[in-house]
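The two complexes that follow have chain A in common; it is paired with chain B in the first and with chain C in the second.
Up next, the complex of A and B:
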């Protein structure tokens, strides 16, 4: 039963030209336009430059951070350090000669009180922020270990060594070479969320107050759950395949570097597709509003979510991260972008896992909410 | 005592202030072709939606095959076939795929389903259109596909809600013959329509709904016996004075006389030789006339007399 309904659901969806255009063709067209528009930038900026950063150290400040920075500068490394005083550093930052300022103040601890000042939120600033964050985390961990398990201090030191190695090598070699790549991440996020139309179709064909087809289906001898599962599985499969086509097109035809963790990138788009489908399904399941109205709401949600993730305005994600971080935590497109970004920027999978967990949570909430609204539904009017 | 296929007791359904079903009582027996008649807004589709557990209702009960009908009464639903007023098929699936899809919601066994689909295709005369998409079908073929999707699984109870709307006479005839055939094969049928001649042709028992109430139930003959009109006599007369109309009204058994555009319609409440008495009067008054014909009351007369002649334009 499941497989038969799954195949029919696939046939129905694939034969809907409009839905296939938006899910399959439109992202490819948009990707091509992006490539044409950013072509020169992408080609010019593939050569990685050191990040110039000012370093202002108070007297008596911990030397540990200065050593870390130095190790990141050596041998044409990640950073170009300019040691200076506060006033001069601010002036350099204002003139955009440095990407940020590290202040190291005397806090009376070995770790010191290190802060970062930036005026923009772009790739370089993100890397500087990541360096500081990792430094603080390592020191915090070391402090805990020395207090609670002094014997493990040697192993911990080894970890620090590995992380420092990552900052020097990993970031440079594996990082997407241009901020422009963010647009393509946002494009993939939008592609995943294009599934809202397919999700809405599922709800429309389940709500007897929205379509005659739904009436015939809900009065049939098969449970709603039995019809819903194949529908969802088929739509998710198709949306995922559409996104896969976009990824392959961008990578192999447009030659856009989306990172080298291809399997995880596909996993992200799969989860993103699930969120897109469930978002449409949820919107479709709400109330007794007309299908055309729900279609409008779906498109608005998808486009607004994509806008907030930086599809139309570059740097939107980072702007929100500074001014309204909660939006980035709950906006599906931002979470997809963050997952893809984390895969290729950060060592380890902590941020990636967090974003994926958030996406899955959203998917579960939307799916459960929608199903709760349609199960055993009796209508006040049809 | 034999179980009713459908038993509706004291059903009340309100849409805010509007009472769509007003303490409705109805029973459908096994093997019947049960006609549900009523003007627009009388509650026909609402009754059907309540039977199918689609609509919430305020009061009363609906039992199908002896069991309370609920949205998850799948054991009951498997025995019901529904043909909706509006065509409900997948635009993206072919004729054969549509029938197979809906049949598959009831029948899991592949071989059995295949046979049912074949029979439904043959039943609805869609053999030459198996690979066609619905948008390529004419109105009549589309209606036949709609019916095929509803009956392919050979249900015991078939509910047809105005299945012949906007269908040409040939297709309509084929659909009606098909419904009678399904009934002969053992299916109980509930049939709603605005076409009185259809209901008269196929229904064994009829209920007339008006303003959410069942105002009359019975066989065609029983319903016709309920109304005042026993005979309608039509005469083509070119000129008739008001005093003649008044005298005609006074004839025995005549209860209504209408004269419009040269056509005189006289309704008699019963009795014999009404036409002879009328012709005799016209001869005595030396009134010349053309065509003359007499007819017995139709279901249409029953319907109009019971529900009234005012226009009903609210949604059903």
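Up next, the complex of A and C:
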């Protein structure tokens, strides 16, 4: 009987277009959106583009800084320098044609008095300010040397501009990982939790106040557990297959690296799917509320859980770890993200097993709770 | 006022689910704004990191390097074994691990520079690059002194002094210098939240009125079509304005100073304009769905795609030019632009660009409403 019910339940689920949309199409849409929004970030480490900057030199100002800028424009193409006067530069800055203005004033010293004027503080401005800072530090150093040991200046000057790697990168992982990967992990977590709508359907077909099918089932002589098991198994299978599709879509079509432990990645999504289905089942089993209300609660839980795992705002995990670490330990989506993360970052499996154990515990608790509510439920009147 | 009354009755019948949405999404927007504000502030302040240092070197350079790092960061012990280190990194007890090997000073003085230190960063953390840059600049400076023939101790000491040099950065206008107020972040996420609430809340009621049989019965009633629609629209305005008011009251409670300034006023106006747009998106969605769960689906598709592409979740600066061009066809893009412009405003006199964005959002509202109307009419004809 198990197998027959299992097959029927599978067929039933696949024919529910809406549920298939949630589990299959929606994650693909979202994955594509992520790809579009972070496109450049995933392809290169840094988005590299020339920073346009205005340069205003007073008469008599030291040429040393202009030379530094010129070399940055010619060698690396880091800057695009527009030499102009003060008024023009300001209007360029206001129109956002340049990211900043370097003012070089005559201070009577060789270093000159250079200041940077900006309108906001973002990546390009940080780069400009660090260029200026480095210039000033080197000048200060050279000044010190000329006081302490003028003979050594030439030798010291040779150091400037050498690209050195003092730091050998020690690493706790071999897998390269970009900050953006976290978004895709969160997406997979959400994908697993999409099972809530399927889980809810199981409950709807089991609560006599919610559907006619349930009325018939409740009066039948078959054990409820015996009817429930194939239903659950079928939903979990389909949810897992949907997640598998998303994983394949992300890896092969969107070309996103999700790590190299593919089998364990799938195991994680399987456990995640189980949690998702049980969560929906549990919510559906509570009380005698209307289906629409339960549907709303399901979607809210799924979205909220995904949100806390960093689906909409990256770095959520870190934020919660400092302010409310408990959330990271019990939120299913965070746990899924964490297992995927630890799978790719850590060599050992201790962290991974821990997160998976937490996930399984949650699944068992939800399943047991739901079954306890549905078991022996009787209706005086419907 | 029968239609209006029915509208309110339907609304109150669904109050529990609507309330759940409103509360959950209010919490989401509050947590989101808090977390983003925190990361943003960290990025631009001179961040203090927790660095675990193991100094096996006995020479002066190693010692001075650590003393230099200690000035702006917190120095911690390196955990006993690899496993403990991973744990500490995992739970963010340390951000960076630096190992200074034995004979570091000796090697450094003899001119060996490549890979003489070992640094480990938390995977995926962007702050580590800052500290690596500091270390590199410091050692470059020390090396310059050494090459110039100055002895190690003095070199290390002078280098620390040089590193204190900071670039003089000025802001064109005074208002640019101030960090963005917390209220800005709160308003940043309004498009997402409003879209979800409007599509789910308003959509649910609208859908009931669009029920074929109910619509047919309403049509043959004595009340004029104009009267019916007018009352229906009044109901929509009531809901939209109610949600808007609820969020504004929350904003006033949390960001009092901000809300009672010109910026707050303009932000509120921006949110009001967007809420109208969200309501017409809801009207548009209702034309496409047949059941409540479908409405749920629509709400997520529209709110998430508008938010991701419109620059609500991911800042527009990170997007490529091509994507930005596409984003211009999304109302939330204009909302976000207006929200950024508002932060530069000092008085109501210099707000030209902002009104332009308001207008664009209103045009989007009109467009969604018209297309919704068109679909509605076409369906009526085929029905």
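The rule is short, and it goes like this: the second predicted complex is superposed on the first by the 250 of 382 C-alpha atoms of A that agree within 3 Å, B and C clash if a C-alpha of one lies under 4 Å from a C-alpha of the other, contacts with A are read in each partner's own complex, and residues count from 1 in each chain.
The rule we apply is simple: a contact is a pair of C-beta atoms (placed from the backbone, for glycine too) under 8 Å apart; a residue touches a chain by one contact, two chains touch by 3 or more.
These numbers were taken from a predicted model, which means no experiment stands behind them.
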With both complexes overlaid on chain A, does A:213 touch chain B (first), chain C (second), both or neither?
first
Could you say whether A:357 touches chain B, chain C, both of them, or neither, answering first, second, both or neither?
neither
Looking at A:221, would you say it contacts chain B, chain C, both, or neither? Reply first, second, both or neither.
first
Report for A:330: first if it touches chain B alone, second if chain C alone, otherwise both or neither.
neither
Could you tell me if A:345 is touching chain B, chain C, both of them or neither one (first, second, both, neither)?
second
A:141 contacts which: chain B (first), chain C (second), both, neither?
second
In the superposition, chain B vs chain C on chain A residues touched
C
After the superposition on A, what does A:21 contact: first (chain B), second (chain C), both or neither?
second
Does the superposition put A:37 against chain B (first), chain C (second), both, or neither?
second
Contacts on chain A seen with chain B and repeated with chain C across the two complexes
none
Touch list for chain C against partner chain A, complex:
14, 16-17, 20-21, 24, 27-28, 31-32, 34-36, 38-39, 44, 82-83, 85-86, 89-92, 97, 99, 113-120, 123-124, 126, 132-133, 135-137, 139-141, 143-145, 147-150, 154, 158-159, 161-163, 165-173, 176, 192, 200, 291-294, 296-297, 300-301, 304-305, 307-309, 313-314, 317-320, 323
Interfacial residue positions of chain A with respect to chain C in the complex:
18, 21-22, 26, 29-30, 33-34, 36-41, 47, 90, 93-94, 101, 114-123, 125-126, 129-130, 132-134, 136-138, 140-142, 144-145, 148-149, 151-153, 155-160, 162, 164-173, 177-179, 181-182, 197, 292-293, 295-297, 299-300, 303-304, 307-308, 312-313, 315-316, 318-319, 321-322, 325, 342, 345-346, 348, 350-351
Can you list the chain A residues touching chain B in their complex?
1, 4-5, 8, 11-13, 15-16, 208, 211-213, 215-223, 227, 376-382
In the complex with chain A, residue positions of chain B that touch it
15, 49, 52-56, 70-72, 74, 77-78, 80, 82, 84, 86-90, 92-93, 97, 101-102, 104-106, 108, 149-150, 153
